[in-house]
Amino acid sequence: MKTRRPVAATLAVAGYVIMIVPILFVVTTAFSSGSTLRFPPEGFSLRWFEAAVTYDPFMESLVSSLELALGATALALLLGVPATLAIHRGKLPGRGFVEGLFLSPLIVPELVVGLALYQQLMIGLGLNNVAALLVGHTALMLPYAVRVTGASLALADPAVEEAARGLGASPLRAFRTVTLPMLRPGIFSAALLGFVTSFNNVPLSLLLQDREFRTLPVTMLDYVQQSYNPRIAAMATLILAGTVMIAVIAERTVGFAKIFGGINR
Amino acid sequence: MFRKPALLMLPGLAFLLVGFLLPAVAMLLAPPGEETSAVLTRFIEMFTDPYELRIIGRTVLIGLIVTALCVVLGFPIAYLLARSTGRWGGILLVVAIFPLLLSNVVRTFGWLVLLGANGAIGRLLTATGLVDDAPQLLYTPLAIVLGLTQLFLPLALISCYSAVAQIDPGLDDAARGLGAGRTRTFWTVVVPLATPGVIIAATLVFAGSVTAYTTPYLLGGSGQRMLATQLFTYASVTVDWPAASATALIMTMLVFVVSGIASLAGRRGATS
Amino acid sequence: MSTAAAEFAGVTQRFGDFTAVDAIDLAIPEGRLTTLLGPSGCGKTTSLRMLAGYNTPTSGTIRIHGVDSTRLPPEKRGLGMVFQSYALFPHLTVADNVGYGLKLRRIPAAERARRVQETLGLVGLAHLAGSRPKNLSGGQQQRVALARAIAIRPRLLLLDEPLSNLDARLRVQMRTEIRRIQSETGLTVVLVTHDQDEALEMSDLIVLMRGGRIMQQGAPREVFSRPANRFVADFLGYENFLADAAGSLLTVRPEHLSLGAPAADGLGLEATVVSTAYRGVDLLVTLDAVDGSGAEVRLQADVRAGDAAELAPGTRTTVSAAPEHLVQLADSGKE
């Protein structure tokens, strides 16, 4: 299939090498029995996985990141889904502008947002870093909540709500029993995408770290600068495994491709 | 509440205002303890300071190179996958896109293993006798370019893929029937129609590259600063608020300008 | 006489500069099937939606069983509506779809199940109670939508182009079905369609609309044999329009034109054959003639293939029609 276009095939292979090889290296070095990050690794051992799992900074920040991601996802959906409804069903003038506003966090560089929150909320208003992180991550996820559920809503037949109303359901009831269930796949996709985005975030969270509450990616970043051993590779492999599981679950319930439908701007 | 749908978006809007828009504007115009003019002064100074200009220039240049690479490598992949029959197309697409679910730290630090003096590439080169000493590839612009290309290829791929997938394959047949060879068909039919998607891809990649932090930090070291790593220094190490805000302003403007150009180009393309 | 189940009095619907419905007065008779018939954009669907409560009239009143319901929200009107897209709830089974309105009315589960079964039996889908809408064919979905609207024992049943998404064979079948259901239940039905065959076959009362106004209303036979104006005649498939010596506009159906034999009275014109189209049972003959006012007209005659002698293009013959088949039209039907 590909041999008819040698130039394209060569470029494609080069592209895949660049994309995949570094990750392969990470996974293989995690199983090394030696104490440096080398490829090929010296020997085979699982000891670095044990080292990663027993390393407090990793585990504590893992829990913190999970808590933060859950909180920010919930908040983003609570704020974003009603907004989507207002935008798509509200027949308001200037809905394009409002939708643009909700998508604006995508255009401003995350580091800039992190700086703004650090400066204005933490230093200016004295909020603690957890609050600032929550605000920042929620703002970051609002575009996903609005865009992805918006796509779901656009696909749904508006007559279905009218049918529910005609059968006697009040607008609230119609929403609860008919619209919301139809939005479930969209909400689930948005939640998943948002959760992963929050969990993996570095630039925005960078300035909002604190001794008591740190996020995992930033902790890993610090670790790489200080210690150069397979513990970090093991941790990365564990995260990779966890993400694969989530992706498989998502594929079974909603369909992988639909999730990424929300990324395209 | 449902009679007035407008009310539904108020909580979200209020949050956006207080948690995002206001802090962003305040930071740009009035950092704590400083005047607005301090930011503007510093901003203008940055364009005359050779040190700053080098950073800006390096950032933009690397951004352009990475964008070019992502388009040149990503489009063929997108084309081949979009036109493929059979299961491999889908599997390969998933393999390429899956890393987007991982953090940049996980994706990037593999290059440390590859590029260091003791890294795989270095040792491969000395082992085959191509060079005498293993070259230090880490902490160079090349390392940053490779790292950013790896990060943004999947994004470019997604945009180009949807662009190509929307092109009716029947058009290829029509062109071939009229006498165009395969290469000519590609350049005169597929490429023009896919251009809007490619422009979107380029915008995403450029915007991401000039604002990237993790990759320049890990792979560039203190010798190869880019705007994002410099911003962090101003904000956290030297605590120079005007400089931090000015750098943030430059970064944001770069992204806005490129997005603006892209959407203008997109609109012009739509009417032609 | 049947009493009015619903009445429109001076009802107008304006969207900005555009007037979709222009001050219509209409009485929907109780226990009968009324059809709003017309081309797209004539205001029939808008009128239905105002009756259902999804649109509020710009002016005028709508009464349902004598009560002013103009501003009543849809959920308080107790009407059953079937949408063109069926609008079935995708996440519920057929049984739950049909039972949705009953659940809202807090009907106990056992009674609900019984009514759902009964209604599904009425539309012939009792065996599909546990299926999901996406696994049903178009015709089946339509019947579920119907059952769902009927189950709540609505005061009126409203159908918005219910048959337009079905293939030809199903459409014909469903026409009889809907008619049967209406007579079995005695429901007052208001149906919107652009298909005149449908309207003629199913209705007790036809209301022809155009440009937001009512052009003519009456029983099918009456409307069909005596169209009031050119628009109605045109819409109902009349082909031949001509003027008599006094200048009145006349129309006559193709099958009422005879060729060859001169008429005793009524219409009699000299004509030249332009072309013929053989259709097995009948023959469509196109002729050019000069009407009573001296204008050139093109006529279509529909004759039995067996009766017609050889009619090559160019043949001169006589076209005639009995006086009872000539319909005088009031005007052209323009605004």
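Side notes on the structure shown:
Order as written gives the chain letters A, B and C; numbering starts at 1 within each chain.
We take it that contacts are C-beta pairs under 8 Å (C-beta built on N, C-alpha and C of every residue); 3 or more make two chains touch, one makes a residue touch a chain.
All of these numbers come straight from a predicted model, not from anything done at the bench.
Taking the definition of touch as given, a chain qualifies here only if it contacts chain A and chain C alike; none does. Chain centres here are C-alpha means, and the one lying farthest from chain A is C. Mean C-alpha position of chain A lies 54 Å from that of chain C. Each chain gets one centre point, the mean of its Cα atoms, and the points for chain A and chain B are 17 Å apart. Spacing of chain B relative to chain C, judged by their CA centroids, is 59 angstrom. Counting only residues that touch two or more partner chains, chain A has 171.
Interface residues of chain A, counted against chain B in their complex, comprise 1-2, 4-5, 7-9, 11-12, 14-16, 18-26, 29, 36-40, 78-80, 82-83, 85-87, 89-92, 98, 101-102, 104-105, 107-113, 115-121, 123-124, 135-136, 138-139, 142, 146, 171-172, 175, 196, 199-203, 206-207, 216-217, 220-221, 224, 228, 232, 236, 239-240, 243-244, 246-247, 256, 260, 263-265. The touching residues of chain B, counted against chain A in their complex, run 1-3, 5-9, 11-13, 15-16, 19-24, 26-28, 31-32, 72-74, 76-77, 79-80, 84-86, 88, 92, 94-114, 118-120, 146, 149-150, 153-155, 157-159, 162, 182, 200, 204, 207, 211, 213-214, 217-218, 228, 231-232, 235-236, 241, 244-245, 248, 251-252, 255-256, 259. Across the complex, chain C meets chain A through its residues 52-54, 73-81, 83-85, 87-91, 100-101, 104-105, 145, 148-149, 152.
Chain A meets chain C in the complex at residues 157, 159-160, 162-171, 173-174, 177-178, 181-182, 184.
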